[in-house]
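Structures for review follow.
In what follows, chain A forms one complex with chain B and a second complex with chain C.
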Partner chain A sequence: MGSGAPTFECSAGCVVMTANRVRTLALIVVAGALLAVWAFPVLWALLTSFKTERDVLAYPPSLIFEPTLSNYRDVLFGSASILPNLVSSTIVAGASTLLTLLFAVPAAYALARLALPGKRASGFYVLATQMLPPVGLIIPYYLVLQKIGALDTYAGLVVIYLTFSLPFAIWLMVSYFEDVPREMEEAALLDRAGRWRALWFVILPQVRGGIAVTTIFVFLNAWNEFLFAVVLGGNRVRPVTVAMFNFISVEQTLWAKLAAGAMLAMAPVILLGLIAQRHIVKGLTVGAVKGGGRT
Partner chain B sequence: MLAGAPAATSVSREQRAGRVGMRGIVKRHGAFTALHGIDLDIEPGEFFALLGPSGSGKTTTLRILAGLEPLNEGRVLLDGEDVTDREPGERDVAMVFQSYALYPHMSVYDNIAFPLRMIATPKDEIERAVRDAAGKVRIDHLLARRPGQLSGGQQQRCALARAIVRKPRLFLLDEPLSNLDAKLRLETRVELRKLQRALGVTTVYVTHDQEEAMTIADRVAVFMDGRIVQVGRPQDIFARPATAVVAAFIGSPPMNLLEAEVRDGALHVAGVVLHPDTPPGDDGEVTLGVRPAALRIAPTGVPARVDLLEDLGDSTIVDLDVAGHLVKLRADHHPNVKEGESVHIAFASDACHLFDRRTGVRR
Partner chain C sequence: MTSTLEERERRFALLLFLPALIALVVTTTAPLVYLAWTSAMRIDLSMPWLSGFAGLDNYAHMGADPRFWHSLWLTLIYTASTVVLQVVLGLALALLVLRIPRGQAAMRIAAILPIVLAPVVVGLFWRTLVLSPDVGLVDVVTRALGLGSHNWLGDPQLALISVIAIHTWQWTPFAFLVILASLSALPPDVFEAARVDRANAWQRFRHITLPLIRPAVVIVVIMRTMIALSAFAAIFAATGGGPGTSTEILNLYAYRTSFSELNLGYGAALAMVLLAITLVVSFVMFRVRRAR
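For the complex of A and B:
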């Protein structure tokens, strides 16, 4: 660039190109560093899950070792199998998600559209329940569930999860419904769709991104929940988060099995995240720009 | 469409002719009254414009007609039948919204087919009707596209096709041309008129553009502050505006209004005494209205000073200062005056419009 007699256009072009390349490189370095910090524990757990318990405790930690699948075999099919717990988690998270959507979607639609008395106040109180620290609720919830005999039942735990997921889901969905122009719904009403078919054929297709985001958030929250599960669950209802905790005992911690269990527990989460990546990013920015969340 | 059908064999069709009646419609938003008792009759097949400035209640009236807006008092009649409490979908009316309100997740074909699918029309019949409607508005080559892939004008046509596809008894158009650019607006205006003539469906058209209303409509209702101040054929409203406000709203440029006084059967304006052919009525303060085209520069008359000449090519608008008031004069030729020059203006006696100064009502 500096040698010879470059034409004006070329030299300007080269400067711009170099600047761009430097910026791209810097971005890659920064992103790489951040990614490494985030990914390190995950990758370490992944490595640990393929080690024997003896290799795990080796010091300095060995990066080169003979991988084994025995941890996975034990965790899945051994005496301390977490398979029933994965099923338990699936039931709890699945039921919470389904019920949440079943109630949250119509509720959010009503809050966004209909002129209900006290709408503004109810909108606030829906969110206010999110502000309570969960720990403060454990004892009352425990007593209530005990009184009605719902401790260690799926129904009991799912209902408790609903008290958290419903307000959150409603709050999230309202902004999506508000983004749908009112005239579009009116057009559907005039086209003789009626309110239910207008909702189904015209409104819901336009908030499907919001439904995807809500589904994922609610499912993940329920799947990852530990505190309520460990207190309100028991021998019958024991989600995988609680089961993994049992690998840690007073005498010893079975790191390799814990890691293998964690990998298995994470798999659906990561899978879901990958599938819905596009929707999640869009969902987090919805409302930033008027109509920016929809396509 | 229905006018030519023999009355004896088409009783049911006659019933759906699209006759509109609105009786004493009152609409309040809290303490604010948006509509103060609207009475309106629209004949079958008529192209009827609701004209008025923004906030005058014309769109609210249209939405009440559609059933999208609840009302506080009054009745809505369609073909003599009280539909006040009917849902929008039960009224057999179609509407084109200002924003078009197309369904963005459906193709143009599905958008147009939607109203037919909602009433469980057989598939081949839908196909035929959609192609027919799309052909009428010339978007039959765009049926596979999504609304987002259409230009503004094409979206507008798609909305029109969705309205005409199910052959309703009434079209409601809410400022359908306002989102189009000026050239397209003029073209579409003409096409809309032709389309309405061809279909013969009663059409209620909301606009704030007086020129649009005057050129497109069979009859016009002029809205001011939640009231209908005048209903009539465009030429009648132009010729005899009912109030000074209507006079100032209609025409381009609108009518000149000057403060004047009637004393002893003569008209006193800007220090000049005029003797109209027809007696100007009782003594009192009046507003004198004269159309720009009715004014001419003359050797004698009301004194004025030329402020500005606007050459429009085929005609010229002369801005005049008459006793401190702006008066516009429209001349077909290039008038032989210069800016800053003092002149006199005159007008024929029958070009005078006199309005009561206090009430604004025509004398």
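For the complex of A and C:
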């Protein structure tokens, strides 16, 4: 493959125009095939969620079948309903997102704009905590929560989700605070507005969009979390990522119900991902871009 | 008492930053200290009467534990192969998509799909709908092509390849999107100049495009390495580390030791090794990056 720009190789009097068009077509076909590779498992699961368990096992797999909503009915209201798990996920992800923003927004403002003592060291510390592998933390969490009787509680899981969401949210918010023009806060301070008032009435409205994007990503990560939930949760606190295993046992796999359950569990994050799609590159790389550049 | 403006700003900054700092110390640093302490203990929940201080016994035990060395080896294979595959495929795809006149938006949306899915759900998708013998998508394709049916997650060698494929499938879009964003931001005139100089496609890529997007590629390599080192949920869902120990990277081994075999002391020691590896790798990578 060549460089990024479109190519025009008109060496012999531009008779290659049609050849070029063929090449473009070929490119689109290849790109389309790769697109299919990413979209297909999800679309396949979507299709499967409307099949009966018997249709799922047909060979060759049938594209034409009588669609049924019974899987969704079972998964939502049947004996193995994941409705409580969806509620559980919503509580855990919602509460931990709120808590994260409460800590992260002020801290990010201090890191981005104020004469914070030990600023570089603090920034580096936040970055380093983002690198920690969750498996390294799960053992102490388990032992401590067991000791204080907080296994299988919302409070325990919500606080612990700060480990991965807080460093991420701080760095993402720092990048938004840095975009606020300095003159704005200086003007506000000259008006003797006081620092709290300046932050609340002048700075925060400027980063509303950043807060929205941060909220989406933090919620998404918390919703998708599995390791902490499976070890520290239990019967009361059982997020939907853990509940997915209900459909798989040694004896049998309930394919269609698994697919329907997964669709319900993933619908919120797919929606959020699409809403925030233009910010996703920033959200994915924020720690590394910042941390490597300035420390 | 009067204080200067600067002093007041410092105090205000501390007031804003301290709550987050305390929260981070409590949820990350304190547990790590406790982890280090646990790794020097014998805590076997299946034989609680044997619990007690063990010094460095857990670490000494590792040296003669073939399962540990095996998991370390698998971690290396898994991390190296997934990162290389993601970067190469992501880069190739970004270069390709940049050249198609229309449909880039559709590609971006398709790329977001795997990224936002929970790894555990991805693992379950692949285990059932994609890789299961007879009815899985891949098996249907290989059967149709006359390559026969395979037990993709049940055969030790295929299982390792399968979990690498799962990770690569889910995260190549990350490399693709980041590199595509970087490519799209390049000024078109650099390529024009090179074309005037009669540089061929490979030369243009090697000497112009690649150096210009190197920062993005380095970011992808660093971030994907860190994530691969902490990979857990997708493998857990797809194979659980099995069959046997054939997909048991260090993460899975530490988890199984702690929560299946209930030997938390040894599990903590394994987690300490994982942590040390992560620290060393991230330190080296940021060093290399800053040196440029």
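By definition in this document, the second predicted complex is superposed on the first by the 238 of 295 C-alpha atoms of A that agree within 3 Å, B and C clash if a C-alpha of one lies under 4 Å from a C-alpha of the other, contacts with A are read in each partner's own complex, and residues count from 1 in each chain.
Here, contacts are C-beta pairs under 8 Å (C-beta built on N, C-alpha and C of every residue); 3 or more make two chains touch, one makes a residue touch a chain.
Computed from a prediction, not measured in an experiment: that's the story for all the values here.
Novice: If we overlay the two complexes on their shared chain A, which of chain B and chain C does A:Val135 touch? Say first, second, both or neither.
Specialist: second
Novice: Which one hits more chain A residues, chain B or chain C?
Specialist: Per-residue touch count on chain A favours C.
Novice: Just to be sure I read the superposition right, which of the two partners does A:Leu172 touch: chain B = first, chain C = second, or both, or neither?
Specialist: neither
Novice: Contacts for A:Ile270 in the overlay, against chain B (first) and chain C (second): which applies, first, second, both or neither?
Specialist: It touches chain C, and chain B stays clear.
Novice: So in the superposed three-chain picture, is A:Phe226 touching just chain B, just chain C, both, or none of them (first/second/both/neither)?
Specialist: It touches chain C, and chain B stays clear.
Novice: Go through the superposed model and pick first if A:Glu186 touches only chain B, second if only chain C, both, or neither.
Specialist: first
Novice: So which positions on chain A get touched by both chain B and chain C?
Specialist: 295
Novice: Would you mind writing out the residues of chain B in touch with chain A in their complex?
Specialist: Listed in rising order, the residues are 66-68, 87-90, 93-95, 97-99, 101-105, 114-115, 118-119, 148, 162, 166.
Novice: Enumerate the contact residues on chain A facing chain B in the complex.
Specialist: Per the touch definition, chain A meets chain B at residues 181, 183-184, 186-194, 197, 201-202, 205-206, 294-295.
Novice: List the residues on chain A that touch chain C in their complex, please.
Specialist: 1-7, 24, 27-28, 30-32, 34-35, 37-42, 44-45, 48, 56-57, 59-61, 103-104, 106-107, 109-111, 114-117, 122, 125-126, 128-129, 131-144, 159-160, 162-163, 166-167, 170, 195, 220, 223-227, 231, 241, 244-245, 248, 253, 255, 258-259, 262, 265-266, 269-270, 272-274, 277, 280-281, 284-285, 287-289, 291-292, 295
Novice: Across the complex, what residues on chain C touch chain A?
Specialist: 6, 8-10, 12-14, 16-17, 19-21, 23-24, 27-29, 31-32, 34-35, 38, 43, 92-93, 95-103, 106-121, 124-130, 132, 134-135, 137, 140, 144, 169, 173-174, 177-178, 181, 183-184, 186, 188, 191-192, 194, 201-202, 204-205, 208-209, 219, 222-223, 226, 229-230, 232-233, 236-237, 251, 254-255, 258-259, 264, 267-268, 271-272, 274-275, 278-279, 282, 286, 289-290
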